[in-house]
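Dropping the structures in below, format is structure tokens.
In what comes next, chain A is part of two complexes: it sits with chain B in the first one and with chain C in the second one.
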Partner chain A sequence: MKTELLWPFTVATAALLFAAWTAASALNLVNPLFLPGPGLLFSSFLDLLLNGYKGYSLPAHIGISLMRVLLGFGSGAIVGTLIGLGMGAAPLFDALAAPFVEFLRPLPQLAYLVLLIVWFGIGETSKIVLLFLTALPVAAIAARDGVRNVPLQRIQAARALGASPAQIFRHVIFPSALPEIFIGARLAVGIVYATLIAAEIIAGSNGIGWLVFDAGRFLRSDYVFVGVLLIGLMGLGLDFALRTIERKVVHWAGK
Partner chain B sequence: MSKGKSFDRRTLLAAGIGLGAGAALARGARAATPPEARIGYFVETKPTMIAKSLGWFADAMKTKTVWHEMGTGAEINTGIAAGGLDFGLAIGSSPVAAGIAEGLGYQLIGMVDNIGPAEEMTVRAAANITKPADFIGKKVGTPFGSTSHFRLMGFLAVNHLSQSQVTVLDMSPEQIVAAWKRGDIDAAYVWSPAKAEILADGGKVYETYKELDADGYVIADLIVVRTAFGRRYPDAVAGFLSAYGKALDLYVTDPDKAAGVVAQAAGVSPAVAKSNLAEYDFVSLKDQLTPEWLGPPGHAGKFAAVLHGTAEFLVQQKSIRSAPPLATFAAAIDTSYLAKVVG
Partner chain C sequence: MGDEARPGRRAEKGRLPAARLLPGSSRTWLGAASVLLALAAWQGVVAAGLVPGDLVPPPTAVWRAFVEILRHGYRDTTLGEDIGATLGRALAGFGLGALLGVPLGLWMGMSRRASAAFGWIVQFMRPLPPLSFLVLLILWLGLGEASKIALLTMTAFPIITSASQAAVRGVPELQIAVARSLGATPRQVFGHVVLPASLPMIFTGLNIALAATFSTVVAAELLAANDGLGWMVLSASKFLRNDIIMVGIVLLGVLGMALSRFLLLLDRRLVHWRGRA
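Moving on to the complex of A and B:
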């Protein structure tokens, strides 16, 4: 594969960036407040790992965030996909649901944060509901478009062979839409991830998103960088997991 | 070799240009009027709003003012660190202690108020909280990083309560009001209008400020200027302080008129403005120069120790990496501008 030959370039840019970063901090070119050097970052990471941050250990912060992301994303993606399948299959349902889904999708979460607290309190519910509401429209629209993009000939062929509408949906439409559903899920996990900080500033005191937010308040850029790197790595990990499932389930996609 | 011969026309010309440039620089230093002054501020019910809305700051500094509304003192710190702000108006003492400890290039040039009872613990009357031990198992909301948060942490430390016994939640003032109305929290450490709203909704004051002030957990709202700006435009900085002094005078001599102006600027009713104003202890410019507060120029007052103590506490909280010695805080206080205004 051609793309596999390109990995040296990825490594080279990363190495170049790392070298520039190391040099800049070793030569004191930048204020460590703006860009902490690799040494400081590593010692801050060790400090977080050994001593935790404000009452919780680092693994606890990460675990709590992962739980929120998985619950919020999982529920949002499942419900969203079901709604999207319905919207794609039944124009009447689409007409009913589309205004809500389309309205919700571009809404900035910070705008309705206080409402979520009034409705769901300051516990885990409001945080997970926020992530659920973020994932749902993305998954719904992907599923709807997936259903709509199923080639008509395929449906007609199945019908000509005597398949019932339920059989057509189960054996033709759903499998054909699956690749797009997975793309939607991967998009949704990214957006849910981006929303994590917004969710965790609801009466927070734990979670990796809150850690970054709280450390930023006092310009503790070393913790901010460590947190951001961890969030990035966790995001990559989640995306990798989703892609692995995707390859297993829709192995035919793109072929 | 005669060096004199090398004084050819080109050298003379260069010397002439040098002299001219030097003269221009000297003129610039004397005129010392900044092209603009960028001020980070909060919309709040304080006399600062009088000077802002009536344009006194711009008049006294003889330049135009650019106002940036901020949400927290930490944002002012970031703004000044990034060189995007020249002044921080009524920034809390805990972000200032953090800023000085982190080596942000700014100086403390004046005070607005000693916060005193204006930020205080409010407890739900029905929760029966009468002594520190009653807080065990309760949820207390406060905006993290604020002066209120600092006082609350001080309250827990003084009373030997740990954060596993009392759940301290990071909430913005409007989140506190929302959570209070739902009954999710039984106590909050915050300022008005959030404080006034929860007091009106089944809350009562649990007084902590007197004991905490005595224990060194003094909190105040301050005025800071970017060091480079202050050095370059000392007259403008003095003008800034004199404009605030004029507003404070108006509040002292005619509180009703002052409350009216403040109300309009902050978007509240004159009655609310008046009661909010009454909660703060606005320290007069003259008193700020006494050893009790900032001290006369060159002799930092007691407030340097307050900032030092605040920074050491923030280190324990892992909010900042390290606290410099007392001398660093004393050096960060520059009351020369204030002395010029008070005369």
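Moving on to the complex of A and C:
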């Protein structure tokens, strides 16, 4: 297939959208309340950056959200991976634990947020526990499948060379399962992040998700737009960070 | 997932013996036993007064609450209406997302120009948490059904679009070349080769999108609704009716599993050639 120049098509749609947006706001075709123009958006961004929003600076809101993601995702991914490794290695444990993991996974996360708030209050604990429970089943299933898919020959080879079961797990099964564990981690961080934004909107008093919701209540749609763009960029950043770690840790994946 | 069929196949492929599953029947029994044990322990802990029963309602109390709302409904809505409202919203948004996403994804898969033109928009939307733009949608469309359906459409759309595009891209060049050299028109190539070959992956995308839509509908109902299971759970929390919250959570879990099973069944019927290409 001959290579044709494709970037003009990308630039064309982007330019078209941007021109329509600028024109609509410059000619006052739409109320800036519904669709703030690019100029207003940029000045609002500077305003947020310089003055913060309701008692917290913009970096503080971002930092609070990221810290919640890291705590909830980190604890959930570690515990979930341990459970999943156990499930992969011991069929009996797998049979006992599977109903719980498989019930928790498709359950809408926000459904149990309400219960967690009743139990742990509306502060940080309920949010971290929510994110923990969100990450756990995703990580567990990825780790379990990772262990199950370890090629038999590798284990037999290690055993034939005299490795103990502990050594086989440490040096053969775990490294072989690691690429799949990382795929699960990336999936989990995306779900955790989406859940966090929802949790901050429903029961927050700071953080970037709360900022968007609160600005919406006061009809500051310029802040809402800036916030949504920031949320998108942070999501891309989280995935990029995890992918970089993945490439460092499991540099042998796919080889 | 057909776990019964798995051990044999895995053994043939030469997988880890320790990871081989127990036979399907004993797996089911052990699973049921561990669930029953957990329920009994939960009931026991509450009965022994270790945790207050109104804060952590035991299984019997949850069952009583279920019977109560089954008979009398919850506030002004019957349980059937709430389940219907939640399912209706989820399916409407999912359906619209599929209606827009599958054709666009197929087009983007067939034409590199279309993919260059629209791909970046889909790629930007995909990692964006759906609830972040609910605020904007409420501002534009009001608090009614329209903003919720639009939110769910926007949740399902990017997932379905990128799955459909990837599906078309994954069709082996050889199959297309063979059909073309046998004299098939572009329309025939699309209808008889590309579409059947990409359906399995499109269905996988639909399944993921349906799960995402179902999570999002509950979140949207917590924020802005007057019926639906999400609304019921939130409203019950304001009256400290933890037993009704539990009923809602269990129902949502069961519904979520049922939806995904249903799609899997549809997938097996419609895409019976999956994995045999």
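Throughout what follows, the second predicted complex is superposed on the first by the 215 of 255 C-alpha atoms of A that agree within 3 Å, B and C clash if a C-alpha of one lies under 4 Å from a C-alpha of the other, contacts with A are read in each partner's own complex, and residues count from 1 in each chain.
Simple rule for what comes next: contacts are C-beta pairs under 8 Å (C-beta built on N, C-alpha and C of every residue); 3 or more make two chains touch, one makes a residue touch a chain.
Because the structure is predicted, anything quoted here is derived from the model rather than measured.
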| query | If you stack the two complexes on chain A, which partner ends up touching A:210: first (chain B), second (chain C), both, or neither? | reply | first
| query | First (chain B), second (chain C), both or neither: which does A:198 touch? | reply | second
| message | A:91 in the overlay: touching chain B, chain C, both, or neither? Say first, second, both or neither. | response | second
| message | By the touch definition at the top of the document, which applies to A:121: first (chain B), second (chain C), both, or neither? | response | first
| message | Between chain B and chain C, whom does A:236 touch in the aligned arrangement: first, second, both, or neither? | response | second
| field | Per-residue contact with chain A, leading partner among chain C and chain B | value | C
| task | Check the residue A:218 against both partner chains and state whether it touches chain B (first), chain C (second), both, or neither. | result | first
| Which partner does A:54 contact after superposing on A: first (chain B), second (chain C), both, neither? | first
| query | If you lay the two complexes on top of each other, which residues of chain A touch chain B in one and chain C in the other? | reply | 33-34, 113-114, 117-118, 201-202, 216, 219
| Touch list for chain A against partner chain B, complex | 33-34, 51, 53-55, 113-114, 117-118, 121-123, 201-205, 210, 214, 216-220, 222
| request: Under the touch definition given earlier, write down the residues of chain C that touch chain A in their complex. | output: 10, 14-22, 26-27, 30-35, 38, 55-56, 112-121, 124, 127-136, 138-140, 211, 214-215, 217-219, 222-223, 229-230, 233-234, 236-237, 240, 242, 245-246, 248-249, 252-253, 256-257, 260
| request: Mind listing the chain B positions that touch chain A in their complex? | output: 72, 74, 77-78, 81, 95, 98, 102-104, 139, 141, 144-145, 163-164, 167-172, 174-175, 178-179, 181-182, 184-185, 314, 317-321
| said: Considering only the defined contacts, which chain A positions touch chain C in the complex? | reply: 4, 6-7, 9-10, 12-14, 33-34, 88-92, 94-100, 102-104, 106-115, 117-119, 147-153, 155, 173, 190, 193-194, 196-198, 201-202, 209, 212-213, 215-216, 219, 221, 224-225, 227-228, 231-232, 235-236, 239
